[in-house]
């Protein structure tokens, strides 16, 4: 997914008078999920900013593996894409895409992968392929790219996306990347590295997946967002954790890093 | 034996109507100049293969050279959509475009299988995805050891692979640094190989650092020296990605008339990529030039 | 975070009795020093894997560290036999040695499968050969597309891979030039990785040429700086193969007493590879030093 | 096979008073088989000398691919092995062994491969694994190395070996690398690149394989060798071509190249 198609980008400061944009909240909340560190697989778009924010805040030891075949990047500027030459110069290793997907991702070296989505269902299954019919689509989306492999081979999957009734759907038009099946016993028997998405962060809220049912469960509301607003922006009635909390707001430092260093042109935030 | 040719002659010789053509390069070293020459020579009914159909395939498909697209991620990376392709897929406008779709690793492994003469390649992907339901070429296969199910993808053997390298010698030995994508695999998988490069160098330059050689002259049919051939994509150490072009493409691509006008001005209206470079202007090229970041040297040792 | 260790500590930490160990390197960069330390620390019941069990495995097996050998070509290349191994295989002298045998490509693909988490790897080999009849792990498998029969080999995931590199940084990012063998695949396939190198260099040296990095620090557990660790094998650009040693080994290896005396003098009688280097003498090392053959530099470009 | 185990090496000038050794004759006769040029896959031992002799005489355009992963070598000295560092310095390309076997050999880029043999049968099947029983062998030989892949994937296979009753056998102790099956129809249906050995060159003679029967057929006697001597040195009664010829003797230049440049220490010749 591209940043634009994620629905990211927007009114950076004005929204809700909170002093930050919905996209900024989404980026900040996502970056905080990476506090455990480990090896991150960085794909196109928002994850690029999220990972680099995490590295400068909660997880300095985060190892970033770029889908394009770069390990140990040390960019001198904000990369325009995951294939930006600034990611290569001064990195510790470059490898072919075969090796990247086979020896890193499929081999189970990746702790966290990111997925964007045009549509997601309550079990975290994801569509990035088409809206409408596959053969004669209403909207032709980018397709899988590495998403299907990330969903299956990354140990944890974080989903970052804007939410709305057309993106949080009862039934996907197409399942590009598998999430949970809804049957935990079945999921355990699948024998993949990946265990389905563990977190979904949107512009409104944060979701976890229930231990027993594998259903996406509302865990936190972003500051200024109401439960009703969340309900209006999804196609099913969400389960809510008993201790529904509020996401801590972006710190000044997080906002400064996004605005001055990571996305000064406001492309994604 | 020199294989050096002009782009015009190389494309005329190596790319034929109806061919399966792969111009590879993952964000890096995408050979736009070869795509433009294919448009200029009005090839038809091509099957175009690429992991990430980029602006170049939007231009080529917008120009009507292709009947089919084989890919794994369709977009203008970091910017938006490829509208000429979408019009054909969504509305058969101005005509239908057949598509055959994989994931990234699936596409890479199709080239690996093609390069290795393997009848299939097994990967751990596609489980519980709808992709195999719309692409019957992706099929499950059980491990002969314990029955573990993986998915097979079929070999991809393009008629022609076009790869860009920073430098090559006249015999076609091509050296690449920076992102490697799947160019080596695509070249070995192809029946014919066109190497385009920023510089044709003396054989001694290549021989001084044989580990840098990604594609051996053995499999190369022609070598074209074409500086800035990857614009608006980039060549590590030579020029930067021209992001402005990618951003501007969004509007051009949305409007069929603007696209036609662009093709007329920048492709059909020019004789060669040299003209394109000149028309783009020295200032633009200067703005894309990176600073120096030398690799340092290693010693191979003389064993005489 | 530095992973630099002494050979003694690294072997003590990473290699355990009963482990499956791969010391790889195809003629080039065979890490004899690590093998000697394993002998010195009296490891037992190892399963030793290598495409080409070389003099180092003859020494290790002669010293009694191994219960099993997995390989594809057993010999002293260009010279003759590995007699300590042959005695155990032919006459169970002084005890039996289990063997598991493949072809070169089969061994390589076992590492590729291991590195890729694939349950099997398909190759076009073994047709109408007796090898699968004595190794039931090599089994036919049909292509799901057209039934074409290929053979599958199973993944190989050593407990420890030991690879030698010309240079590495303290984090384990290792750079190799010259023959690459299957070290990358073996390292990615292994649960633990020991990198030995001629020189530990500043991270900036590695970062100046990231395409030269064969093994990323991510998968490396320890880095040992040990100059001349590959003797009598070689390190491209650093020292030549010591062919005299290989020739002399024929006689040493034929005679169990001579072999025991050699091990006593050159392994058990020494504390470390540093002692070995000293004992071998400056003259020998001087005679193995190659002339200069610099690689030349490329420009990665600074994109700031 | 190593040079020694091929049975090569020997009295270079004295044998039969001909002015050259049996091994030299074998090397020369083998090199001449390469006059068509193409891509040669060079393994351990004699082929190294044979290919380099051909390159300096009948086939300057010969492309040599070394099993160790080198292409376009330009050695400054006689390589001591196929992994000699002199093969790397100044070569045009180095690749991993996976790529060498997959992208060059298995892909069908190799025109000629060489095999040595401890035993060969009349259909060109080859044993380099054991003499005697596999589990408790009388002699443990090196095994396949790349031989099995060469036999199957090189378009033509040349066999170079000394001949004798223990090496030209009725029945192999072990079939390491397949040759012809004896049924041409079966062989055509196998669908490999390789079509079984096309030539066998020994220290005594040269053999081809009969079009109809695929049987090894005596095609030429080396100078000074009699038909009876050949018969004594093989375990079956050979078919002989009607126009049995004599191998042209080594030229002065061929001998000079071997003795002064390619094997000055007489290791293999």
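Brief remarks follow.
A, B, C and D label the chains in the order they appear, each numbered from 1.
One rule holds for everything that comes next: contacts are C-beta pairs under 8 Å (C-beta built on N, C-alpha and C of every residue); 3 or more make two chains touch, one makes a residue touch a chain.
Just so it is clear, the structure is predicted and the values come from calculations on it, not from any experiment.
Touch-path distance (fewest steps) from chain B to chain C is 1. Contact tally for A-C versus C-D: the pair with more C-beta pairs in contact is C-D. In this assembly, the C-alpha centroid of chain A lies 41 Å from the C-alpha centroid of chain C.
Separation between the centroids of chain A and chain B, computed from CA atoms only, is 28 Å.
Centre-to-centre, using mean CA coordinates, chain A is 59 Å away from chain D.
The residues of chain B that reach two or more other chains are 112, 117-118, 123-124, 148, 177-178, 180, 184-185, 208, 211, 236, 240, 290, 293, 300-304, listed in rising order. Of all residues in chain A, those that touch two or more other chains are 70, 84-85, 88-90, 94, 102, 106. All chain pairs that count as touching, in label order, are A-B, A-C, B-C, B-D, C-D. Contact residues of chain A toward chain C in the complex are 39, 63, 70-72, 74, 76-77, 84-86, 88-94, 99, 102-103, 106-109, 193. Per the touch definition, chain C reaches chain B in the complex via residues 117-124, 139-141, 143-146, 148, 150, 152, 154, 166, 175, 177-178, 180, 205, 208-209, 211-212, 236-238, 240, 290-304.
Those residues of chain B that touch chain A in the shared complex are 26-28, 51-52, 71-81, 85-86, 89-90, 101-105, 108-109, 112, 123-131, 134, 148, 177-182, 184-185, 234, 236, 240-241, 243, 290, 293. The touching residues of chain D, counted against chain C in their complex, run 2-5, 44-45, 67-70, 80-85, 88-90, 94-98, 101-102, 105-106, 129, 134-149, 152-153, 174-178, 181, 190-192, 267.
Of all the residues in chain C, the ones that touch chain A in their complex are 112, 115-118, 169, 171, 173, 184-185, 188, 203, 206-208, 210-211, 213, 216-219, 300-304.
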